[in-house]
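Here come two complexes built around subunit A, the first alongside subunit B, the second alongside subunit C.
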Partner chain A sequence: MAKRLRCMGLLARETIREVLIHNRWFHVCVWGLLIFVLAGRFLTDLPLGSSAPKLLYDLGQGTIMSVSGTVLIILLSYHLLNELDTGAAQTYLVRRVSRGDYLVGKLLGCWLAVVLLVFLADGLLAVLVAGEMSELIESGDLISALGITGWLQLFLFQLLHLLILASLTVLLVSISTSFLFAALSSLLLWSAGLLMGAATDLSGSLEGLGGFFIQAARFIIPRFEVWDVSNSIWYAGTLPVSEVLRTGVFGLLYGSFLILLAIVCFNRRDL
Partner chain B sequence: MRSKVFIGLLLAALILLNLSVDRWVPNREKTVQWQQALSDWYWIQGYEAWIKKDKQRLLDDYSIATALYPSNLTYWRLAAQTIAFDLPTWERTEESEQGAKIRERYANEALSFFERSRPYFTEDPDWFLTGGFLAETAAGDRSLAIDYLAGAAAQPEFSYQVGRRYTRLLVENGDLKDAHAFLVSWLADLNQSASEAHQSEIQAWILSLENQLNLLTPTN
Partner chain C sequence: MEPAIRIEGLSKDFSDGWGRKGHMALEALSLDISKGELVGVFGGNGSGKSTLLKLLCGLLQPTRGSLEIAGNSPAKSIREDLIGYLPERPGFPTYQSPRKLLTLFAKLSGLSGSILDDRVNACLNRCRLESQADVPVVKLSKGGIQRLAMAQALIHDPQVLLLDEPMDGLDPLALEGVEKLVQDLRDEGKTVLISSHLVRGMETLCDRVLILHNGRSIFFGPPDFEEGMESWILKRLRDEEAVHG
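Let's look at the complex of A and B:
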């Protein structure tokens, strides 16, 4: 077991190094995301009153999650399918690395690289929002500000969200040979999962086949909207520990299930 | 090397073009489509908050929806009216005195919210009309309502409704001379296309005010 963990750790470390040091596209994404988060500051000049930090926060969170999720999907799909195509994956697999370890190692590597990206962007956003809020608190327009615990909880949920997205991508990669198919279907399922909450509300007023399909989709598509707690944290300050633990454990179970499914599919694949 | 210099020059030209676009294309619609789409999204979110009676979320959503698309008077008007008339009912208490205080607080909040949109509607009589409506019905402040409607009446063109409401408020406030002067100038400015019913109504109003003014004027 320790040997397998060490093996996965080595694979993850190598992947992170490759992404962080050699992947220029990833570097462009890092700078692009930071600039986008920073650009939200210009919108606070609009006639927003005491809601200026909320817009900054919403736009920042939206940008961070959409960019980091897309980057993660593309990184993972490209990385895995490219290594399978060029035969680089086979060189690992002949060295007593099991297929499951290989998948998990690659997943962890790409996920941790994107987590670093999210950490940087969240840090920048926290500084911008805190600056905006302190101005309002000084002028008496705002009573309380989002604390460090709230930001940490938000970061934790983002990690879970990205972990489940990475597991879903790996599952789709393990059953496909085309980068475009894996990346686009992951993006599609992710977007559908994010919109599932709004669609469920809509299905209440839809009759017939439309309502049935939406209800059926709820049982198949991973419901990513569950991990989007940014609004709740903004208004409540922090979430109760029991809720964080419950959701965290559920998220880990969900991710593990998807990874197990991906390993089963990958083991049955001809290389 | 040459191609890099060329790309650099192209980028510099692009930046210069972006910086000077306001000078070259004046009076264009500033709100871009993504801002409008985002504004609509926040407006729908606000509706969800309204259903759940989540006051803080509603205020944030409406503030952001209006700020992202500030030239949309409908959003400003509906948001301000929601703040003035809906939010007090969410906090209604048994005591009537406290209820009045709550209504007053929200009326002031609605007016200060609505005032944020002033720079975008300096020449729009409908904006002044909405302000006057809020000041009169929500805040119960007749002088403020008159100020708003005076702004609407100062525009080159305003609706019949604006003129009528302005005159009524002036009369109710006891400013009969001001009301008379306004009606006379309004009648003179009315063009031929104005309906006869409106013209005759204004004339009848002028006559009635002249009678009242004669009664008030002390005779020697």
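Let's look at the complex of A and C:
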């Protein structure tokens, strides 16, 4: 087990190094995201009153999750399929690295690189929102500000969200040889998973096949909306520990299940 | 004595997974290769040379038949560091240097400490990469990349070497270097399976040759041909082409 963990760690470290130091596209995404988050600050110059921090927060969170999720899907599917195509993966797999170790190592590497991106963007957003809130608290228009525990909980749920998205992408890569197929189908399932709550509400008013398909999709497509807790955290300040634990364990189990499925598919694949 | 490689009734059919008939890349191949033997695998494009080597190192799953390396399955042989594989199209991260890549491969093979440094330096030296050890892969020539591919196959000192087209695209001087290296490996008692388009010079190197045509073995034995191996292979391949298409 220690040997396997060492292999996964080495592959993850190499992948992070490659993404953070040598991947120019990723650098552009990092700067682009930070500029987008920063640009939200200019919206608050509009006469929005006490809703300015919420607007800044919503806009920032939406941008961070949509950009980081898309970057993760593209990064992971391109990285894995490119290595399989160029033969780099094969040079790893003809030594003590099992196919499962390889997939998990690469997944962790790409995921951690994107986690760093989210950490930077969240940090910047937290500073901007805190600045906006402190002005309103001083003027008496707002009673309390979002605390550090709230931001940490939000970050934790974002990590889980991205981990499940990474697992889903790896599963689709394991059954595909096409970057476009893997990336587009991951994006499609992710978007569907984010909209599942609204679709479920709609299915209540739909009869026949439409309603049946939406109900069936609920059980197949990962419900990413579960890990979007930005609204709950904004209004409640922090989430109860029991809820964090329950959702966290569920997320980890769900992610592990997807990774195991990906390993089973990848083990049967000719390389 | 137990053979280093035992193959029995090995077939590989690249079907499309939807039940439609695929391409039969290898058909009912059976052979034993002794420890320390150097076997050349020859044949035209699509004859099954690379498929055979990929099956031996577990990158492909056989459709039928069995294969063993020192009595183990390919998966177990890899776990026990018995196999070194040089792929037909070696791919490496272009920003890394040969030294860093070999260090990574050595770590992935379980080496550490001074043994790791010694092995990396020995492989760089053996594959004539010392002067380019710290140059990024992107700046290496085709011959340099091929030598790096050879070095990564040797880094964990495997007993069986599977070399897929190690001489492909090399200039005469580099070619001579690879031939010398392969000869040295045989002299050290390694079992070597080498696939190549190039036939010239191989009859003196190989103990036995396997000639494949459309996935079938048409000859397996010592290269003692009166008219020379290249002419003999060409004649046999033309005959096969005329009979089977």
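Note that in this section the second predicted complex is superposed on the first by the 271 of 271 C-alpha atoms of A that agree within 3 Å, B and C clash if a C-alpha of one lies under 4 Å from a C-alpha of the other, contacts with A are read in each partner's own complex, and residues count from 1 in each chain.
Assume a contact is a pair of C-beta atoms (placed from the backbone, for glycine too) under 8 Å apart; a residue touches a chain by one contact, two chains touch by 3 or more.
Source: prediction; values computed, not measured.
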When subunit B and subunit C are modelled together on subunit A, clash or fit: fit
Touched partner set for A:R95, first subunit B, second subunit C, both or neither: second
Contacts of A:L46 with subunit B and subunit C, given as first, second, both or neither: first
First (subunit B), second (subunit C), both or neither touched by A:H22: second
Which of subunit B and subunit C A:L271 touches, first, second, both or neither: second
Touched partner set for A:L152, first subunit B, second subunit C, both or neither: neither
Partner chain in contact with A:D58 - subunit B first, subunit C second, else both or neither: first
Three-chain overlay, vertex subunit A: subunit B-subunit C angle, C-alpha, nearest 10 degrees: 150
Subunit C versus subunit B, contacts on subunit A by residue: C
Which superposed partner A:A236 touches (first subunit B, second subunit C, both, neither): neither
Which superposed partner A:G87 touches (first subunit B, second subunit C, both, neither): second
Three-chain overlay, closest Cα atoms of subunit B and subunit C, distance in Å: 24
Common interface positions of subunit A, toward subunit B and toward subunit C: none
Complex contact set, residues of subunit B against subunit A: 54, 56-57, 59-60, 63-64, 66-68, 70, 113, 116-117, 119
Subunit C - residues contacting subunit A, complex: 14, 54, 57-61, 78-79, 81, 83-85, 87-93, 95, 104-105, 107-110, 149, 152, 156
Contact footprint of subunit B on subunit A as seen in their complex: 43, 46-51, 54-55, 58, 231, 235
Residue ranges of subunit A in contact with subunit C within the complex: 3, 6-7, 10-11, 14, 18, 21-22, 83, 86-88, 90-98, 268, 270-271
